[in-house]
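Right after this note come the structures.
The same chain A turns up in both complexes below, where it pairs with chain B and then with chain C.
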Partner chain A sequence: MARMKFLCDADRCIECNACVTACKNEHEVPWGINRRRVVTINDGKPGERSVSMACMHCTDAPCAAVCPVDAFYTTADAVVLHSKDICIGCGYCFYACPFGAPQYPKVGNFGSRGKMDKCTFCAGGPEADNSKEEYEKYGANRLAEGKLPLCAEMCSTKSLLAGDGDIIAQIYKARVIRRGYGSGAWGWQTAYSETIAT
Partner chain B sequence: MTGLLTRVRFVAGALALAFIVAMAAPVSAQQPASVNPTASAVQEQQLLKELNKIQGRGTIPDVKSYVLEHPAGQEWQHFHTVTLKWIGAVAIIGTLGLLVIFYLVRGSVRIERGRSGIKIVRFTGFERFVHWMTAVCFVVMALSGLNITFGRALLLPLLAPETFTAISELAKYFHNYLSFPFTLGVVLILFMWIAGNIPNSVDVEWVKRGGGIVGHDHPPAYRFNAGQKAIFWIQVLGGTAMVMSGYVLIFPFYGTGVAGMELAEMVHGIVAMLYIATMLGHIYIGSLGMEGAFEAMGEGTVDLNWAKEHHSLWLEEEAVRGSGEVPREAMTRPAE
Partner chain C sequence: MKSEPKNKLGRREFLRALGAGAGVAAVSAAPLATPAAADSENNDEKRKARYKADSASVQTYYRVNRYPS
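The block that comes next holds the complex of A and B.
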């Protein structure tokens, strides 16, 4: 089985936000929830870089460790998923997450949180693959159809890579060798306790 | 005249052109043959080392999403999954253990002279209402809060996951909504009882004699003894800390970011565990631990002999004030 990972090549990202839009559309993510976002560092200064960020599907995921109701599970592809039937919307996974991935719909009074929503690596949830229930709660399950996450698939500069961690690491390494520079695999050290040596 | 002006203008124009060319030439000469875009590029590990988080600018309205990386969450994770559990287990199980040992060794503190049958008012209806409103909120919030920390380890293995979620979600709503009457209770308790809870010299004597908890000593005390004063201040200060840190968590991202909420959760967790442990002691001495104590807050009255033994100075005050509740004969015999 592959170990699925995301990799954003910050030297290629042009901050077009197509990944953000594709994700919202593919999964019909409601207003106010962003499973993926693009953050620009050093905006307008020398050395500016943009990074597309979502759930990194960490090894030993912090969200799963702190969840008071054990709502998380890891698939055979090492994708970190959760059950909205189990989640109580306490917000602890947001405190623990290094990437700000968990999102909560505002329901009821004083901003109290609804069931958590986050990037599923286009792998749905615990319901039957591509069932109506699964789509309504988690969005499309592209992995079950043999496809990779849409954000990366349609990235215009192929900055965002998604797939088997070893393969995307090789692709990135080859790029860095060819062009002679690279600002590294953002978030990998934090998420996977490893980075890509270039 | 016109010819001269034209010539001057021509010379000035030529000079200006020469100046621009002269200035521009060194600039183009400095342009490197190949560009190294990473020469000044930001480096992830360097940014993390400097700030322990990486923040930038985004294009969506959600400002908190502009934080790209925040690895401090992992330290909070360790606190929540390991440290807080130890603090809670030691404080709560330790206190319960001590109370059990104390009960087995000392037993219940009896009214030594027996009941006189004469009742005097200790707490008014309003005082009792405030006490029990706060107490009910406290117990529900303590249990629902402990469920968040210990439920997954202790309760989840015994229940179906859906059942545990249903209970926990309901508990979350109770925890959130009961915070409002609890806050009111903390404020009312402060104003209602602060007058009797200012430490004074009698407390020093009371503490020196161990409050008479061990043995059969009965050090004098006004309306509240030093032990009760300690409970009062723990209630007011601990309650305030709980309320303030709790509202940071209940209103996410109103005035604080994720780091502030992590800190608030740590304060909320640590204070909660110590607060619960303290209240276990309070509940014990107000029920099992002392004969005649529960009725003070239950019915609002205490037996005259109970008052003589535990709050002699308060009884004198009440008699002097001439409240009809304290019979004259109570003073004919010295309190202690």
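The block that comes next holds the complex of A and C.
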């Protein structure tokens, strides 16, 4: 069974924000919510790097672990989704997520957050595929249409990879071999130390 | 002496008819608090695989991303 993954080739990201715009447009994401963001470190200095960030659809998702109402579930494609009908807007997942993926529309008074919103890997939610209800709550279900997330398809430098984890790992490995130097994947050196070359 | 024309529907009959009509309407009308519409998919449906590896769009995406840099 294929496992859906995102991988941002940080050597290629030029911080154009096309992925952010594509996501907002495709799903009609409301004001104040960005399911995907581009983060830049060392901005304007040597070693500047940009990386496109969204929900990473963790294998053992901390958001699901802390949710008091069990609103999260993982599909057979390893995509982490949630139900807005079950969500109570407590905000625990926001604090648990290491990527800042869960977002809240802040629709009410007195600090109420509203229903949590996050990247769905363009896979909709627990409503009938490509129904009006699904689109209004979760956005488009491109996966069910035989497509991949629009952020990755829209990436002009092919920096943002999405799809079957095994295949995008092959694609990335071929790029690294061709470049002839170590991994440009964001977080690689943090995770595997600087001495390990790919 | 000219007598006043008798109404076809008297005041009391009118009120009785009105009350009976309201009762029928109250019984037949939908309840004010309808059950909230929750997720329409059950546990198996919402977790099923949707990724289509063989679709033209997916294959094109992988092919294009394999282009040498």
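In this section, the second predicted complex is superposed on the first by the 181 of 198 C-alpha atoms of A that agree within 3 Å, B and C clash if a C-alpha of one lies under 4 Å from a C-alpha of the other, contacts with A are read in each partner's own complex, and residues count from 1 in each chain.
By definition in this document, a contact is a pair of C-beta atoms (placed from the backbone, for glycine too) under 8 Å apart; a residue touches a chain by one contact, two chains touch by 3 or more.
Fair warning: this is a prediction, and the values are worked out from it, not measured in the lab.
Of the two partner chains, both chain B and chain C are touched by A:Asp85. When both complexes are overlaid on chain A, the residue A:Ala54 reaches neither chain B nor chain C. In the superposition on chain A, A:Cys151 contacts neither chain B nor chain C. Of the two partner chains, neither chain B nor chain C is touched by A:Ala18.
Of the two partner chains placed by the overlay, only chain C lies in contact with A:Leu161; chain B stays clear of it.
Within the superposed three-chain model, A:Thr190 lies in touch with chain B and out of touch with chain C [touch as defined at top]. By the document's definition of touching, of the two partners only chain C reaches A:Met1; chain B does not. When the two complexes are overlaid, the chain among chain B and chain C that reaches more residues of chain A is B. When the two complexes are superposed on chain A, the residues of chain A that touch both chain B and chain C are 85-86. By the touch rule above, chain A contacts chain B in their complex via residues 11, 15, 17, 20, 32, 34, 37-43, 46-51, 53, 62, 65-71, 85-92, 94-100, 104, 110-113, 180-184, 186-187, 189-190. Across the complex, chain B meets chain A through its residues 36-38, 40-45, 47, 54-60, 62, 64-74, 76-77, 80-81, 147-149, 151-152, 156, 161-162, 164-165, 168-169, 172, 176, 249-254, 258, 261-262, 265. Chain C meets chain A in the complex at residues 36-41, 43, 46-53, 55-58, 61-62, 64-69. The part of chain A that touches chain C in the complex is made up of residues 1-2, 4, 12, 73-77, 81, 83, 85-86, 123, 125-129, 131, 133, 141, 143-148, 152-153, 158, 161, 163-164, 167-168, 171, 174-175, 178-179.
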